[in-house]
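Next come two complexes built around subunit A: one with subunit B, the other with subunit C.
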Partner chain A sequence: MQPSQYFSGMSRRNLLSLIGLTAGTAAMYQAMTSLGLAVESGYKGPVKLEGDPKGASVLILGAGLAGMTAALELRQAGYKVKILEYNNRSGGRNWTLRGGDTYTELGGATQKCDFDEGLYINPGPWRIPYHHNGLLAYCRRLGVTLEPFQQLNHNAFLHSSKAFGGKPQRVRDIKIDFQGHVSELLAKVAHTGKLEGGVTKEDQEMLVEALRSWGALDKDYAYTKSIANSEFRGFAKDPGGGLGAAPVPSDPIALTDILSSGLWGSLANFALYEFQTTMFQPVGGIDMIGKAFTKEVGDLITYNAKVSKIHQDDKGVTVTYEDVQKPGTMAEEKADWCICTIPLTILSQIEINVGAPMQAAIEAVPYASSVKVGLQFKRRFWEQDELIFGGVSYTDLPITQISYPSTSFNTNGKGVLLGAYTWNGPHSYEFTSMAPEERVKRAVEYGTMIHPQYKDEFENGISMAWHRSPFTLGCAGDWTEEARKEHYDNLCQIDGRIVLAGEHASYIPAWMEGAILSSLDAITRLHQRVVAG
Partner chain B sequence: MQPSQYFSGMSRRNLLSLIGLTAGTAAMYQAMTSLGLAVESGYKGPVKLEGDPKGASVLILGAGLAGMTAALELRQAGYKVKILEYNNRSGGRNWTLRGGDTYTELGGATQKCDFDEGLYINPGPWRIPYHHNGLLAYCRRLGVTLEPFQQLNHNAFLHSSKAFGGKPQRVRDIKIDFQGHVSELLAKVAHTGKLEGGVTKEDQEMLVEALRSWGALDKDYAYTKSIANSEFRGFAKDPGGGLGAAPVPSDPIALTDILSSGLWGSLANFALYEFQTTMFQPVGGIDMIGKAFTKEVGDLITYNAKVSKIHQDDKGVTVTYEDVQKPGTMAEEKADWCICTIPLTILSQIEINVGAPMQAAIEAVPYASSVKVGLQFKRRFWEQDELIFGGVSYTDLPITQISYPSTSFNTNGKGVLLGAYTWNGPHSYEFTSMAPEERVKRAVEYGTMIHPQYKDEFENGISMAWHRSPFTLGCAGDWTEEARKEHYDNLCQIDGRIVLAGEHASYIPAWMEGAILSSLDAITRLHQRVVAG
Partner chain C sequence: MTQQSKLLTGQITAAVIFATFQASAALADSAGATFSDGDNFSEKTGQELYANVCQACHMDQGQGAVGAGKYPALAKNENLESGGYPVYVILHGQKGMPPVGSMMSDDQVAAVVNYVRTNFGNDYKDPVTAEDVAGAR
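Up next, the complex of A and B:
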């Protein structure tokens, strides 16, 4: 099957006949299944670049996921491929920090990661939604072993420094109590038949029954303390075994307290399509993906190559770069075509002779600010003391969230938390402005307000402020709706011999899937042009 | 720390001082944390059986989790321990079927499991809630590696043969659309300030804002087709990369259709305390737990020992059993005390001289009927075609549910589904009455109505009808509230030299935690009696 854009003007029925004719009924069946039951994805199966490129050469700028996807597929299709990469490693933002790694940010501060063996933090992307078909397909094809990533953990915390005396609340209490109170309020209206909005009497009766089940209401449609209700929100004392083991029901939190706490605002983080179960992470660190790509295309990469100029003319593209290991040493690379995956923050500072529309687009996209802090602790106290196994706690403190490792569950030994993860806003900028060790110190101070064990158990930490990354100057393309309307298509169009790719050239910015789908689309169009020419 | 029953008459403050005095402040801190923030559990830390049993002997009947927990702890406390087990293996219902295994049920039908290497089905318990502290502690102590078990998968199916033309619906569509419609209806009432039930005007205003966020409503409090709304329920066409990649919003399901489908009834399965994220399973099969216990106490077990009589007098307990490998060969085992974990279905048929209250209790508990069917398929079509990674689909068909494997995600190769899992009710009895191969055949037929790929991809299957198990004659103790009131304490009291343990002697029947907590309570009380005597 071909990427969807091939079929944009074609009805589903025609598409199915076409597949049936060319690939037989087994393929048609699979296509029907995926078109009928599954959502239409930007990824429709392995890209097929048919037709002879006749020895055409492609120079790819950037050895992140977009660049390496392009390299993998284009070499396979018969192109001569080379990659230039500014960093001394491949993967781009697909990156994992482990003990012994060092990282120097803009401003010159160098951090050395002191994590124990086997522990890591993913400073960039870290989780994979179940519907990111392109990425999942490459993981399957390249043998990247996945494990579930816990996003929603009912036993993690929602915390507001201004509510409940600063005491963290369990996600399940806020989630289930809010649902219960809402159900009670609506059931009581519907029960009297007073519900407006065109709901029939019959539907109101069914609604009341549905709310009773869904909201854990009692026979009088009240959300009240009871064993039945505690079967959802948990008990004050759990059921046990033997004598004296009867469960004791727990007290629901009052609606007024939930409302004024604002903690309900975090519930959307678990319900969003992008964050729904089942999510994944690679076993061993997110960079297992980049490493798997590198195994395929690593021989094509020139590292430490800082591009300073991209020039195209009738005959081809010439890229000028500096070998950053020998400062001042410039070199050139030429090819028939160029796929540029350099982040727009950097690309907008590089001389490139593209048309005004693409140039304007390159300059139109600000990059999100994000800070992550990884903290190593002597023991997995969040599991042992608080029964929090994976998942995310959200807080109104500047650290925004604490994420617990989704691996090595229930083991003895040390563990690394994501102790802060900010995304834009003043907290991101504040953390970015700090020295790396200060970020770690602050993450520990704030975290102690949620997990007092931090104080005794903390060992070491490392921080990543993406606006200080020399390679991206930010975290990801941060499109506004207006900018997208004006510039997005201009950014993605092939300009002469140059086409851009990367998460910034997608509708899924900041996600690995965006980088991959953008790359597949770019090479598909480029290939069409090459074989047509 | 000591099990909770030691402290039933003691205030928390006293408990904390006691811990502080004997174990130092670090232990006190941990105790405070777990008593303060966590739910009070039936498990409070490793059992401490202090005091000399002076060479007392204990005979344990049954080498399931309850029996092996007792054996492990009692031997460590200085007892002479032996275990008699009817089956030819340990673990009891903690059991995994793999390729090459055979199983003969009552009636004589023998099945051989034909699964490929690495594939398995857990016929009995299969998942571990995050708050089953006792079991989790033993897993940590005995080195059982855990991985997340997916219960809630937003992309699994809810299916009614009588709704939506029999077409399965995605969990996320039912879940999010129901929540959205409920939010809209309530927000519209609250917005006009007409909400009754003592909700203040200020709370009504906050409620409207909360519902807008939680229910994905638009600015007019409507739950309608939009990109914003599709960020929760998913898109008709997912966002992609490059050109033509804009997302297309999806159509919410109308409330009336959700209500009349009855599919909302399955949502509770994901919200219950017992089924909330994060759940676990051992890597490689649930019997990794039983095997880990067996590594500790396997030397104490006599297998193939079918108990026919349990007799106690002033001096001790004598248990008569048949060696089922040499039919008719009877033997005796004597001890000072007896811990009997034999399921009540079996025990009620064995001669045992306990008092009338315990005898009545033994006869008072019916056992749940449960059937499971494991099905091997040529490929993991649920992942590849339908993007269902783990989790459970619920249906009104007799198979009740289909559960997808929570391991080896996104790999090529074969897979085993739980193709039916019934619990009581007519479907359980109907399946139980069938020959094993008929159960498999029917599970495939029904499953095909949800996953048409079954037809082409099915390879082989195996079925377990618990009421036909020679070792349990049912799945688990099925207490009614009335029976529990009248008989539960009598069942758990020490009767002379005999005490019962197992999931049936707990408030968590059918769960492994119930077996373990029951056992810990029984041995703690028995030990008190021994050292006091």
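Up next, the complex of A and C:
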């Protein structure tokens, strides 16, 4: 709840809507989860499953992070564990596309990824907040090497097609000039003694000094063009060496231009708890996490298994599934207990005999719509031409954002950008409705408005529209507060011999941490029940 | 009232600020693919709305799709017999389906429902109206 204090005077709802309008709904979504709800990940250290399960068996449905976490811990605790997985690979949404990979989406379109060796795109999760302790603990334990993920890059762009003549602005200029102008205004008010509320004279004096420091104000508390000011916002000509090396100060952007541009709205993308430094990514692709889990539990997985029925009685659980490589070939798997991580979009279509409250919960959660596009370019022009090393540019164009690779900085050779990343909102549906190659084409067209180099440097691309994903039918559980109140506990309760897990059974949906914490909580409660007899 | 609709209501303040650069028309091209401007769908006709919203899941001929789960076909779908049913589903969502009607006006919801109910092998001659939609929100 801490962050909301910084936005006093603006209702939480208004803040969220402003973020939604200007920064894209992804930011709003993240803001909702971080402003309103528990902000700690809740990881309590390695799970301790003490007591003998006496040979009890568990069938896990889904080999994503939730399923594989459960498998790893339960086998270690002495259970007989098996996993059924719909895909022909493990990892679920923890997934990376590299050159040579193919992907067939719902509707039948198949894309082949033509990226060069070493280049990749993470179509699903891609970054890890430093406070996602559960995920970080497993990365440490399983030997997944991490590197910093740049979220805030002062030299990336904020772009509005309707402001500054469509010319992208540096994050730094908007952030520092906005801060400076606001400081100047507030200092003026403080000087006149018109600040309302419990601000003492001493506090006012301290406040104006703080504003001078924080807002880069001059001795008269004005935000003006100067060398001192340029120490914050950068120079028109940087200081150099030798003759003619004196720095030239830069011109601040006028407050009215910043305000009317709306670009200030994107600054929340760098301020929110979930996006604060340090963020991480695995070296080589996000699927290094899934691969590390698979090394531990891969021998337990039956692939290409499409679950059609989950039946429990007082003796155990029977799951019926089809071998998708041999359509019509049905098989059964039995166990004492079942941990089901199947996304609710799919589980709500599967015959399962749970009680009415859990069934209602399974049917109560719509899934977010999200699209990503990966684009390969002949050279890393964003670094070489624009000095953008990692980070994210935000735009009001349908692509919403462009993210620059947080790895292999300052190298020659090719690079892959995340050329579009939408979250809910009309553009997600509109992109999804297009053929995959059309999504790539549009991402290139729009991106060219921010980086004209696209035109000459673009080579190939691949797109992921999550509502066309055969294994999830959507991106992630899109809970409302009302739905949570009514259904969340019912979704998470153990129903007879069945318990659900996954990001959808967490307060941080769409994050890998949500999948892991949900899984740890589910197996802890299940184990208590088993050892209690 | 859902959290989502609360958020939309809360955008009134912001909408005033941004009114100066909220163009009304969608960016269209010859292929019929469009991008909306803002947080609501800009497409007007039933055909445009279908091709840029519903088609994401229900596919270009209303044929639906099958993976680990399925998107039901809207083609020759007898559940469309009562116009109130698709209106309700679009406004409130159903199971994993999001309530996309929250990003459409009453006219838009009526237009896309009438389009689906008279295409893809469906031939239901009683159109729904914007008033029907307003009453079902």
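Just so we're on the same page, the second predicted complex is superposed on the first by the 492 of 533 C-alpha atoms of A that agree within 3 Å, B and C clash if a C-alpha of one lies under 4 Å from a C-alpha of the other, contacts with A are read in each partner's own complex, and residues count from 1 in each chain.
Here is the rule we use: a residue touches a chain if its C-beta (ideal position, glycine included) is under 8 Å from a C-beta of that chain, and two chains touch if they have at least 3 such contacts.
Quick caveat, the model's predicted, so the values are computed rather than measured.
In the superposed pair of complexes, A:T277 makes contact with subunit B only, with no contact to subunit C. Judged by the number of subunit A residues each one touches, B leads among subunit B and subunit C. Of the two partner chains placed around the shared chain by superposition, subunit B and subunit C are both touched by A:S260.
When both complexes are overlaid on chain A, the residue A:E117 reaches neither subunit B nor subunit C.
When the two structures are aligned on the shared chain, A:D314 is found in touch with neither subunit B nor subunit C.
By the document's definition of touching, of the two partners only subunit B reaches A:N153; subunit C does not.
Contacts of A:E50 after superposition on the shared chain: neither subunit B nor subunit C is touched. In the superposition on chain A, A:I508 contacts subunit B only, with no contact to subunit C. Annotation: subunit A residues 260 touch subunit B in one complex and subunit C in the other. Against subunit C, the residues of subunit A that register as touching in their complex are 11, 13-14, 16-18, 20-22, 25, 28, 32, 86, 106-107, 160, 162-163, 260, 262, 306-307, 342-346, 348-350, 363, 365-369, 398, 424-427, 429-430, 432-434, 438, 442, 465, 467-474, 478, 480-483.
Contacts from subunit C toward subunit A in the complex involve residues 1-4, 6-8, 10-11, 13-15, 17-18, 20-21, 31, 33-36, 38-42, 51-57, 59-60, 65-71, 93, 95-100, 103.
Listed in rising order, the residues of subunit B touching subunit A in the complex are 4-5, 8, 29-30, 33-34, 37-43, 130-131, 133, 136, 139-140, 146-148, 150, 152-155, 168, 172, 176, 178-179, 182-186, 188-190, 195-197, 199-200, 203, 206-207, 210-211, 213-214, 216, 230-248, 250, 255-256, 258-260, 264-265, 267-268, 271-274, 276-278, 280, 385-387, 389-391, 406, 409-412, 452-453, 489, 492-493, 501, 503, 505-508, 513-522, 525.
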